[in-house]
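Next come the structures, one after another.
Across the two complexes that follow, chain A remains constant while its partner is chain B and subsequently chain C.
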Partner chain A sequence: MNLLASKDDLIRWLDSLLQERIVIAPVRVQEQTMFQPISKVEEIAFDFDNTTLSPKGWFLPPTEALFTVQRDDGQVNLVPALVERDAVVFGLHPCDARGIALMDSSFLQEPSDALYRERRSRTALIGLACRQALPECFCTSMGSAPDDPSHMDILLTEVKDGYIVQVVTEKGKALVPKGLAKYKGKVPTPPKLQAIPTMEVTSAMRGLFNDPYWERLADRCLHCNVCAYVCPTCYCFDVRDYSDKGKVERVRSWESCQSPGFSLTAGGYAPRTTKGERLRQRFSHKFLYFPERFRDVACVGCGRCVKACPVNIDIREVISDLQQLTEVKSGS
Partner chain B sequence: MDMELIQQIRDKARNLLEEGTVEGVIGYERASDGLTARPFFAYEPAAAERLIFDETCIHDLVKYLLDKKGKKMAIVVKPCDSRAINLLLNEEQIKRDKVFIIGVSCPGVVETSWNRRSETLQARCRTCQLSKPLVYDFLVGREVARQAEEETYSDITEAKAIANKEEFWLEQFGRCIRCYACRQVCPGCYCPVCFAERLEPLWVGIRIAPEENRVWQTMRTFHLAGRCIGCNECERVCPVDIPLSLLNRKLEKDVKELFAFQAGLDPEESPPFATFKKDEKLEFGA
Partner chain C sequence: MAPESPFIPCLATLKMAIQLTPDIKLLSVELEDPDIRASFDYKPGQFALLSAFGEGEAPFGIVSLPQQRDGLEFAVRRIGTVTRALQELEPGDTLGVRGPFGNWFPLEDYEGKNIIIIGGGIGMAPLRPVINRILERRDNYQELLIINGARTPQDLVFQSEFPTWTKAPRTRLELTVDRGDEQWKGRVALVPDVVKELAPSPDNAIAIICGPPIMIRFTLAKLRNLGFKDNQIVTTLEAKMKCGLGKCARCNIGEKYVCQDGPVFTLEQISQFLEQP
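What follows is the complex of A and B.
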């Protein structure tokens, strides 16, 4: 059953959520829109296309302490980091919710990641259906859609009189304010997206592991970490201990398979030394290793990497190249 | 688009590949948005047909030469990019006889990002004095007298007036996600192991947080003092819009005033911080 919240209802609702929880919402920062914890509802940018970074940073922060070890009176104590408050991520699009669901596959499988699990269970997702498809969007080719309520707790769709409130989960139900009217109008048609062919991308990946394609593609790749850091499903991290006067903090930070040091091991061996091998790893993780373990490909079609890559490595083009190369190879 | 100029580039590239003078040609092709440009590597003569050149060819391609050491490569070079060639020649990172430079007389480039191009010239182009590359083997395009604006560093003067600089820069650096795109694109950043990744000595940790980001950005800037050639690629590729040109241009201005030096103008002249003169004045803290 759908409800209707006027813009004023929504603002009051968010304001009441803010009294009890941390609210992470899109905020305008200079030319960009970023997900940030807000201190008042007025900070929220309701009118935005897409955020520069996905909301994954709430669940896997760019940097966080995992635990600290302290020496007190001859005793050594390990103090794990705690998630102290409930939260709401507001305004995420369906592709981003799918991204979080894909991260769950990895982080919530046993043994699960304690901090991620805590944040995930204490955070509700109140999403926004997309009003328009951007030129870089291809979510419908990656198992999502501009109006897809899956993986959300509540999905809002903007209409003339406010927002249609679609309650998806029990967690969402508990958050909906009382007294909202039923929505009896039409649900707007979602924007149309250009579909890209995604057939057999996993087997194409497998067949082209040793293809010179990767070194050629890597020619123009800068091997920065932009694509991985803007990606809603890239979740690799580095861990380091910081010690200071008898206190040690174990910290993890985002890291990506594109850095030369990423796969460097003690003793100096690195399994992926060339740029091509590193770039292949990124696409292999998304289209081969991840689906082999968790069924789905690890791309949601948000288009952030397409937009952010300084040298236009376009994941849609890579998919189509892989398909063409496979066809050529099989002589079909 | 100047089709005549593009044809000159394509013809030259094809010839070089056919004759086997070079193993590959580094230039530009149309990006996937159909609107802007992206770097392109042609290895077969037929691939030369994909090369383009227009005001969206903003990338400084010279950095790519470092990936192709030992191979003879041809490269499309704008006047501004030729300063990167000189920098790398001076610092002995590339060998002149391993590079065939297709120089392009450039009327300036515009601001672009994916699926977007502006109509106005980039700020650095408005003050650019170079009508043709400083070094080349083959020149394409018509050399036009430039009507360059005077370099006044008004952005630096404005930045100087920022009331609380500490707060301003911590906020800017607070957005940094340590993606290292600035470093990766920079022709002057080529250390085999960057200080940001060194464990011994440990210069900066892995925290993506304002204080450590500041250490990272400040050290990188200083490492480029007197070496930055002003291509502004770092600012272009920054996904969170940190105004890196303010830092680089401040140092460029200081080095110009203190040492009458600009990086990359002459391959024979080393940057001030790469030279030592016995009779140099040392007035630290004066």
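What follows is the complex of A and C.
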């Protein structure tokens, strides 16, 4: 059953959530729209098309302490990082909720990542259906849709009189304010997206693993890592110790397989020394290794990497090239 | 609330540090918690992540024998900031241990076979518990040939154990160095050439090999020339593990996660990886 929240209802609702939880919402920061913890509802940017970064950073922060090392009289004590408060991520689109579900596959698999698990279980997702599709969007080709409630706790859809409130999970149900009217109107038709054919991308990736295509594609790659930075499903990380003024922390931070040092061993050996091999690693992880481990392709079609890449390496073109090259190979 | 995190190491005390070579130390480490110590089950070939708090964490093979739980041993070569800090620890100092991780050498499957152990430099470290386990159950195996190479005589690891290895029945230890010195009267040759010269038979044999990539590459060629099949050659891969949990993806090679699927693989398995290490 759908409910209706007027714009005022929504603001009051968010205000009350803010009293008891951390609320992470899209905020305009200079030219970017970023998910950030807010201190008042007025900070929220409601009129955004897509956020610059996905909300993955709430669950896997760009940099976070895993524990602190304390020394008292020579006695070492490791103090684990805490997840202190419940939270709500507000305003994420269906593609980003799917991105979180894909990260769950790895981080919640035993032995599960405790901090991630704790944040995940203490955070509710109140999503926003997409009003329009952007030129780089292709979520419908990657198992999602502009109005897909999967992986959300609550999905809101903007209409003339406010927002349709679709409660998806029990966790979401507990957050809905009392007294909202039933929504009896029509649910707006979601925007149409250009579909890209994704058939057999996993077997095409395997078949073309040793193709010269990767070096050619990587010729123009600057290995700036922005694709991994903006990607809702890139989750590789680094772990290091930091000491500052006597405070010692073990810190985890985002890292990318596009960095030359990513897999460099102590003995000086690196399995991927060329840009082509490293770019292939990015697409192999998404289209081959991840689906072989966890079933789904590790891409949600948000289009952020398409928009952000300074040299126009377009994941949609890569998918289509893989399919065409496979056809050419099998035809000859 | 603080979740029980697999990233938090067990605290341990450095009991003893022995200088094995100019840049390699053998660390003997005791886990502080008696319950964890008693339940720390591991097998030859498995690894652990050692923490030098303030510098970081790095993976090392466990080089002691599995029944030895009060003094876990690690051979640490000084090569970066973490290994330097681990080497600078004094007996009584605290360090961290996470593990054991990964698979192991399936030594039970090799019973009744001739075993050839080929190690270069610090590559002997993961092979040491293999040798000692075989010697412990000497009757279960046929001939044991150990080829141990290093850059110079000073760089040969586990020298104090050579007499035991040499005296064991049906066991042969062949040492070789790239460059000798005044005292050295032994072999001066590269490991692959020693393999070629000694020409161990592939019949009913398993070759276990670990060392620098270039030694492995040329040694594999010699073993294949001698008739060894890829399923008779076993190695352990070095990879940059940061988590040991199959999550950080740093040790991902082809479709494998070395920390979870390895580090021990047969050459036959490796040749089927999409990407060659």
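Here are some notes:
Following the convention adopted for this analysis, the second predicted complex is superposed on the first by the 326 of 332 C-alpha atoms of A that agree within 3 Å, B and C clash if a C-alpha of one lies under 4 Å from a C-alpha of the other, contacts with A are read in each partner's own complex, and residues count from 1 in each chain.
Just so we're on the same page, contacts are C-beta pairs under 8 Å (C-beta built on N, C-alpha and C of every residue); 3 or more make two chains touch, one makes a residue touch a chain.
This one's a predicted model, so the numbers in the text were calculated from it and none came from an experiment.
After superposition onto chain A, the modelled positions of chain B and chain C are compatible, with room for both.
Shared-chain residue A:Arg240: touches chain B and chain C both.
Once the two complexes are laid over each other on the shared chain, residue contacts for A:Leu108 go to neither chain B nor chain C. Once the two complexes are overlaid on the shared chain, A:Val230 sits against chain B while remaining clear of chain C.
In the superposition on chain A, no contact is made by A:Leu325 with either chain B or chain C. In the superposition on chain A, A:Glu118 makes contact with chain C only, not with chain B. By the touch criterion stated above, A:Ile196 is placed in contact with neither chain B nor chain C. With both structures placed on the common chain, the touch criterion links A:Leu4 to neither chain B nor chain C. When both complexes are overlaid on chain A, the residue A:Arg316 reaches chain B alone and has no touch with chain C. Aligning both complexes on chain A leaves chain B and chain C separated at their closest CA atoms by 7 Å.
Residues 238, 240, 255 of chain A touch chain B in one complex and chain C in the other. Interface residues of chain B, counted against chain A in their complex, comprise 31-33, 36, 38-41, 43, 59, 63-64, 67, 113-115, 175, 177-181, 183-185, 193, 197, 205-209, 233, 236-237, 239-241.
On the side of chain C, the complex with chain A involves touching residues 1-9, 11, 51, 53-58, 77, 79-80, 83, 94, 96, 212-213, 238-240, 242-243, 245-253, 255, 274-275, 277. Across the complex, chain C is touched by residues 66-67, 69, 74-76, 78, 80-84, 106-107, 109, 111-115, 117-118, 206, 209, 235-241, 243, 248, 250, 252, 255, 257, 262-267, 269, 271-272, 277, 281, 284-285, 288-289, 292 of chain A.
Across the complex, chain A meets chain B through its residues 29-32, 34, 52-53, 62-63, 135-136, 216, 219-220, 222-226, 228-230, 238, 240, 242, 251, 253-255, 259-261, 275, 306-312, 314, 316-317.
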